[in-house]
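What follows is a set of structures to go through.
Two complexes, one shared chain (subunit A), two partners (subunit B, subunit C).
Here is the complex of A and B:
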């Protein structure tokens, strides 16, 4: 038997044992059900979420789709706006100096602290949620785009200049491609922020979405459903991050250099 | 990138005219038969450096003079090395020749034309890591062939030819990250040769390579140079590298950067590293640098 296979079996056994102990601990009254819902309870919750839904009629699928759609709108708008703005700011050092403090300030304001104002401005509907997600994603993406452009290796710029390139052509043909890996990393970070913001953004004015599900379940002492909501968010983040990593490898094959020859 | 080459000329004859860049260049004699000219007779000088100085504003304090007035004539097809300690201004001088920096005073002329910027017949090979990592070996070389008169197919063909010249025809599809340091610098040389420049400027191109690769690359450079005769200005801080390669060695001192020795190396190639004549030159240069 190969080593990785052994390790996998051990890992499964350990997790299985842990779940078993957890189950027993609740059954024997060491842990309270609503604080630490046992695996069997979570499994029941999952069955309920898939069939009748919670609150009744809203299945786990529609919660997930609603959340994904909100994140997608806010995220896409943020990235689409941050890339051109960042590229312009990064191109002009003066502009960068002028805007640097604003960018740091806005990025540092915790997105959820904007929730009350956002409700006043945009109401408690869909728009507020999308705007909040967009806000969180935008500043992270923007500062990464600016940094990506600023951190381009001067040796590459000099090489480009030695072929007579300057101005916009130098920017487009050398600076831009050289900045793409960092911009891609920024896009992944921004998406992570989107997932962090979503729970808070869905706390008010809706009963649909994973964040709303988590809060709603809490008020009914349905901790197992809260746990399910958390798990789905974790899985989504995991899957999307992996997907973006795969996409990055496809779009920027030169960056990973998997079959690198090292001498 | 596409639009730059939309005007690609299909007519082969016309293309040929466009590719041979500055038309001012004197008719070149058979490359292999002619030994490079030595010395600095102004008549056959392709590079004229006239009282070039470079000062940087000192913050705080007085301005720092990196180059004191430098006057040099470099003969066509010569292989000239510039040697000196770090901070002697050799890279600054090379950048001025490349048109990447402007002198504070004085002027550089290439084939009689004052240098106003890059792209006046200079090809530059930098230290390592100046290849574009997002382009393959062929892509990097083709990047150098950005003559608007060349169609995309012509550029690819030319890049392939140059990669053949540097012995890398099999590595055309590799990205810089997948290549060894020596291979990367071969690509850098091919890229610098892409527009058939009159002068090849090299800024410590083998400085980051290990000793064995470095020796290999020195031979490789001499082979390429004998195939494509160019005027080469080669910046290095290795005296032995300069001796193996050059027709002429210019030694700079620092603070301020100035010429302290201008030495013709009139030895046949290939040169042995232990050749007594070579070692005598070595001692001479070292004596000047350590003085």
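Here is the complex of A and C:
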């Protein structure tokens, strides 16, 4: 195995070299400036986005905050609804088998295909975007909560019974903690879905938010701002999934505990 | 035993769908929701058959399927080749991985404007977006699969005299197949979601275009609902087909 330090050095070199060649290729006329705005031009774009903003007055910060706020509303509502519903469905096998096909179907409906319907119902404003994010997050979260409850190791449940636990107490003190890691994984997945949905939803009917920014920039032939916006979207996605992974390790120290106990 | 169980599962699942559809039908018929903005299933189908011919819908669906299949195949082939190579050849992996990790957090839809800048508004830009939807899950899974092969397996094969491409082809790739399969299924789902979005934003045919056009021209909500249901069923059906094909293909190598 290659050492992590070597990997990191090579990574920096590769990316640095790529940016350098890109800059040169544009300077020598091999690549068109509009199609491949060089790093120096993107840096200028960043300066403009931080100070005056694009469209004028809307800085990169307010685009980012708008997007984050939309995701947060839809995501929080979806998770808050999916956890109780999923726990109930997961607790009763018959209910689970009855709802399974509906859940699978609703999850298969591409979230953005609901956009035209959402516009008819809620107009082209904020609510439509929040509802779409909520829809996408909800079904992913719901199926993960149900799976989490169903996958709880039967040995744990039997052990809990031997200690005299039953009914709601057994559920709360044994099933719930054992299901939490998978639920958390579902929460991460759902956030990823929310992130995908918002970029698409913002491309229609708004000028605020990162999805709108990259689309608007293209219409005004500002490709460097498009690329800048993509970079911010990528960074956000990276930071959010990394942050949740870290949180998972901190909040759920018993996650990998069972394997250790068995050994 | 498991056959009986699966049969009753399917029956209960069907019952669940019927209950949901009946509740929806009843809500719209009783006036609990306004049928003009939320028609019942039968009303939606009636509106759709009145406004669209079967040939129109089939044409849109065919375009969508052709796009998603093309982009998905390109993305899968590129993902498998690059992912396996990056996992197998250390030097290539060192160079390729940072680039993949750099681009992977950007959702495929965020590439739409750049795709239009690079390829124009035609088919290539849509293929490119769908390609990305399949590429990243597949390349990640392929890399993971190849780098996590049981070393004992490789050593055993080497003892039997296999090396180089033969070792890769006959041992490493079959061993990584379950990971590849997972990546391919995720990739198909993502390609499909991306397809619809791409058709909503910039297309002049396809199912995504069909529904956004219906709303833009002030048409019937029933048509939109039928379109959404068709998209959902296509996604579900094709995913099931891919799962079946994977089971059939990989079941030979792996006991489950």
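Rule of thumb we're sticking to: the second predicted complex is superposed on the first by the 244 of 263 C-alpha atoms of A that agree within 3 Å, B and C clash if a C-alpha of one lies under 4 Å from a C-alpha of the other, contacts with A are read in each partner's own complex, and residues count from 1 in each chain.
To be clear about the criterion, a contact is a pair of C-beta atoms (placed from the backbone, for glycine too) under 8 Å apart; a residue touches a chain by one contact, two chains touch by 3 or more.
Just so it is clear, the structure is predicted and the values come from calculations on it, not from any experiment.
Peer 1: Report for A:241: first if it touches subunit B alone, second if subunit C alone, otherwise both or neither.
Peer 2: A:241: touches subunit C, not subunit B.
Peer 1: Subunit B or subunit C: which reaches more residues on subunit A?
Peer 2: Here the partner covering more residues of subunit A is C.
Peer 1: Per the contact definition in the header, classify A:252: touching subunit B only (first), subunit C only (second), both, or neither.
Peer 2: A:252 contacts subunit B only, not subunit C.
Peer 1: Regarding the shared-chain residue A:204, is it in contact with subunit B (first), subunit C (second), both, or neither?
Peer 2: Second partner only.
Peer 1: Which partner does A:155 contact after superposing on A: first (subunit B), second (subunit C), both, neither?
Peer 2: first
Peer 1: Considering only touches as defined above, state whether A:230 meets subunit B (first), subunit C (second), both or neither.
Peer 2: Touch status of A:230: second partner only.
Peer 1: Contacts for A:177 in the overlay, against subunit B (first) and subunit C (second): which applies, first, second, both or neither?
Peer 2: first
Peer 1: Who does A:28 touch here: subunit B (first), subunit C (second), both, or neither?
Peer 2: Touch partners of A:28: none, neither subunit B nor subunit C.
Peer 1: Intersection of subunit A residues contacting subunit B with those contacting subunit C?
Peer 2: Dual-contact residues (subunit A): none.
Peer 1: Using the touch rule from the top, collect the residues of subunit B that touch subunit A in their complex.
Peer 2: 1, 4, 98, 100, 117-119, 122-124, 126-127, 129-136, 143-144, 146, 175-182, 192, 195, 213
Peer 1: Which residues of subunit A touch subunit B in the complex?
Peer 2: Subunit A residues touching subunit B: 153, 155-156, 158-159, 161-165, 169, 173-174, 177-178, 180, 252-255, 257, 259-263.
Peer 1: Spell out the residues on subunit A that touch subunit C in their complex, using ranges where they run on.
Peer 2: 2, 6-7, 10-12, 14-15, 18, 34-35, 94, 97-102, 104-106, 108-117, 119-121, 195-196, 199-200, 203-204, 210-211, 214-215, 217-218, 223, 226-227, 229-231, 233-235, 237-238, 241
Peer 1: Under the touch definition given earlier, write down the residues of subunit C that touch subunit A in their complex.
Peer 2: 8-9, 12-17, 19-20, 37-38, 90, 94-95, 97-99, 101-103, 105-114, 116-118, 192-193, 195-197, 200-201, 207-208, 211-212, 214-215, 221, 224-225, 227-229, 231-233, 235-236, 239
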